[in-house]
């Protein structure tokens, strides 16, 4: 029997699962693209087996990590007849690391608990590189003893784990706040570069100034250089960044909180998505800002 | 005769002039509030004298630094009968460190040059603390030999000096790009904290997560803590941050560049100004975001 | 047996049902507040009976009109064990006049059709007074023969009926476009009045000018006077206007269409809602614009 | 000697001057394009003469109407050595019908009065067709006796004249409020049509619904049909509509009033301008909304 099941080997999941394997864990994996799962197993001989279905993976291990990138993908895999929930029974542990809505996380928790399982939401702050480097930040809520059981794994995949209580949804709410702020910061950078270029100044010079001042951050340095150089290979796809802005604005709506700057940013990201940059890195929003 | 004249001892100017004095420069100073000028001179016995007018200060030194915080204040002091321009003659050097419009900087340069003087625009990136610590970043354009003459002073007041060519206005344009991006970033942080608090989560916990991730920056750490703790003592007054957003959006207008996120941020800052937070630190924009 | 069932006697429904009664139709009604249903029946002796449940009403008549004001209320009444769907069987006709999402309308149509019933979506353009005056505009899609059967009723309740094909959802999509435009127009008027008043000019004088020019419309005249006079008795509640803006922006999101002005308007309406104006007329958004 | 001088025969001015001629007034005209002035005179034999300069026109008549479409054009013609102000002397009357900033109008009034002249600001609500049809609305402020002297002319050119007191600037402020609201309404219509089309519905059907409801107005009917049919021949050029939005947002800024919806609309108009629609009719903003 495997130590853990890992569902979802996308941009983020593959790095996370790799770090679990490196930490000595035996994995059973499943992802929609069977070839990807096969390749991952081949790269970790003896440590990883491929399950034919998500349900089979969940059944094969006491503890399952899910990392599916959209609400649609997550729901499809969780609720399918041969999906995650179908395999949950008493004592089964599920840790979901996706960025979904707080409401959906709470629903999943209730469904798992109704079948005697335990649930921890653990959305991550960080994108492709932090996932690969084991530098993610986990924003968790749910069953406290599951958190303790999972902690060595979380430590293998990340550099910090925060716990916001037993009430599932709190982690996702925090994640939305974080990603909303990130989306707006990226829009801020994009409009700054666009104005700079339109003014006849060098975008590189602009990013250089930002890197010397109070705004200096890995985000500014990395996304700034990528925007100026028009390098849009996806670290965190634009359509996912826009999804998080949408979720955050909707969360504000439910709470009666106006978020005019996030809403304007959301529209800018939508424009970029409409122009075909949805699958590019989120920094491609600069293309919408440029015109 | 003094080495340099320094016009404007506001939040920023006092730190800058202090660093010039510490570097051994003899100063003649003028600022609108005579008591402030007197106090500054008293704090630097033997190194600083107070001029009765701006013109007198300019006449008393070969090189003048101006640091007046608004377009109105700058214009009033520059154009007054006993102001800066009145005292400019052949060879007189003027370095203006304020954040004004590119157009106004070009006008001032033309006026100084018409009277035989030299002009360098040198708006700064950085606020109260970097000014006090000699950690400003100068974004300069104008007479290259004046830049070389002023460089030891700029090095005493800052940690980096960028030069964008002889065409005065380029430095202010870069400054506007920088401050626009900063204004939007602060709005991003404010809305993030407001959403976090409205969600029943701790603003401190939110800032903690940001500090561990890709967005980590001195701005996030400093302004984040101030917003959560509602500490609004002015480092960079909100009304000035809003002024820069306004100038940046207007610059985009002239260039035919839409800046929807900056425009939305500008309106949020205006709301904070309208609510009475204009003289507070710019991070008080979180008050407008909270409701 | 009654001619028609009418579910939902809110601000709009009461006027609509009244017009059906005036046209000589025998009604069976149900609404959540039994006292309201009772009062309505008492006002129409011999023509209206009160059903104990929505299901009972639906069973009692061949054709049912639903007019429930929110997605939540509509869903609750439609799906309840003693709700609308429970009573649908072969040949039963349902006309839903609420403003819901296109997706929800399609779901309801599918559910009704699956049980052998017929479904017409017929959201209305118009608010309290047009409902009372039989001047609504129906934006319909669905079963064409049900439309023909319902036409005399629609004519009694409205002044125009548009049909957008068999594909349920098209009527709701048109409705969202209409209400989004209305929401933004109301925001436009609110900001105009706010600027006018802040400029020291009379809001009444402003509305007077609008009424003489190309923008002159019943909306401008009615909402303009109400905003200036701060008369917020609900014709079309602000929280519903905001809901429609939210749905429209979300529809744009799905279609990849940025709607920055609607999104900004949505946030302004949210701010008014947060300030406690959710139950007031939508023109109370001027309160949020004023400060 | 002519009865009146008319300066500026653009899209609006030509219709206004034509109505003065039809009312029996002898005109002396000047406009930047001499061929246009010539053509206008040729079309009104015996009633119109062409002046070689604006100053000459002003000198030739006791009363001058100015209708120059931008702040730049107005300033250039007003302040030029052979411009309007140069020819003002005691008793000379100037009525300015352009949409400028309140501040500029007040400056012009002060300059005219300083030379013994009288000044009335009289910006108009209405575009090309109302100008041609004598259906403009004048929003005036300034010298009350000049208003009475000009009233027959204003009645020949318009259908209503409002007076907001002696304080010049009030008429322009009212005009800004009106045009801001119009700009946002046009943006509202544009986004509505864009969403409608993206939803697979007919834009014509959408405009039809609007024309039957509370939003029905000449603006909706005219601009709606033009947007759907992509007919952008300029009635009121987009770049002027955007200029008015910019002025209005700036006026709000001075007053400490946030105008988030107008600001978002301004950015949408800017995008259209950037895409090359500046000289088209303002309804071409729908092109920016469509993508």
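Residue numbering begins at 1 within each chain, and the chains themselves are lettered A, B, C and D in the order written.
We take it that a contact is a pair of C-beta atoms (placed from the backbone, for glycine too) under 8 Å apart; a residue touches a chain by one contact, two chains touch by 3 or more.
Just so we're clear, the structure is a prediction, and the values are computed from it rather than from any experiment.
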Legend entry - Contact-graph distance - origin chain A, target chain D: 1
Legend entry - Chain whose Cα centroid lies at the greatest distance from that of chain B: C
Inset, instruction - By the contact definition above, name the pair with the higher C-beta contact count: B-C or A-B. - result: A-B
Inset, instruction - Let me have the rounded angstrom distance from the C-alpha centre of chain A over to the C-alpha centre of chain B, please. - result: 39
Inset, instruction - Averaging only over C-alpha atoms, locate the centres of chain B and chain C and give their separation in whole Å. - result: 53
Legend entry - Residue numbers of chain C (touch at least two other chains): 252, 256-257, 259-260, 263-264, 267-268, 271, 274
Legend entry - chain D contact footprint on chain C (complex, rising order): 125-127, 130, 137, 139, 159-160, 162, 164, 170, 173-174, 176-178, 180-182, 184-185, 187-189, 191-196, 198-201, 205-206, 208-210, 212-220, 222, 248, 251-252, 255-257, 259-265, 267-268, 289
Inset, instruction - Quick one: which bits of chain B touch chain D in the complex? Just the residue numbers, please. - result: 246, 250, 252-253, 256-260, 263-264, 266-268, 270-271, 273-274
Inset, instruction - Would you tell me which residues of chain A are touching chain D in their complex? - result: 260, 264, 271, 274-275, 291
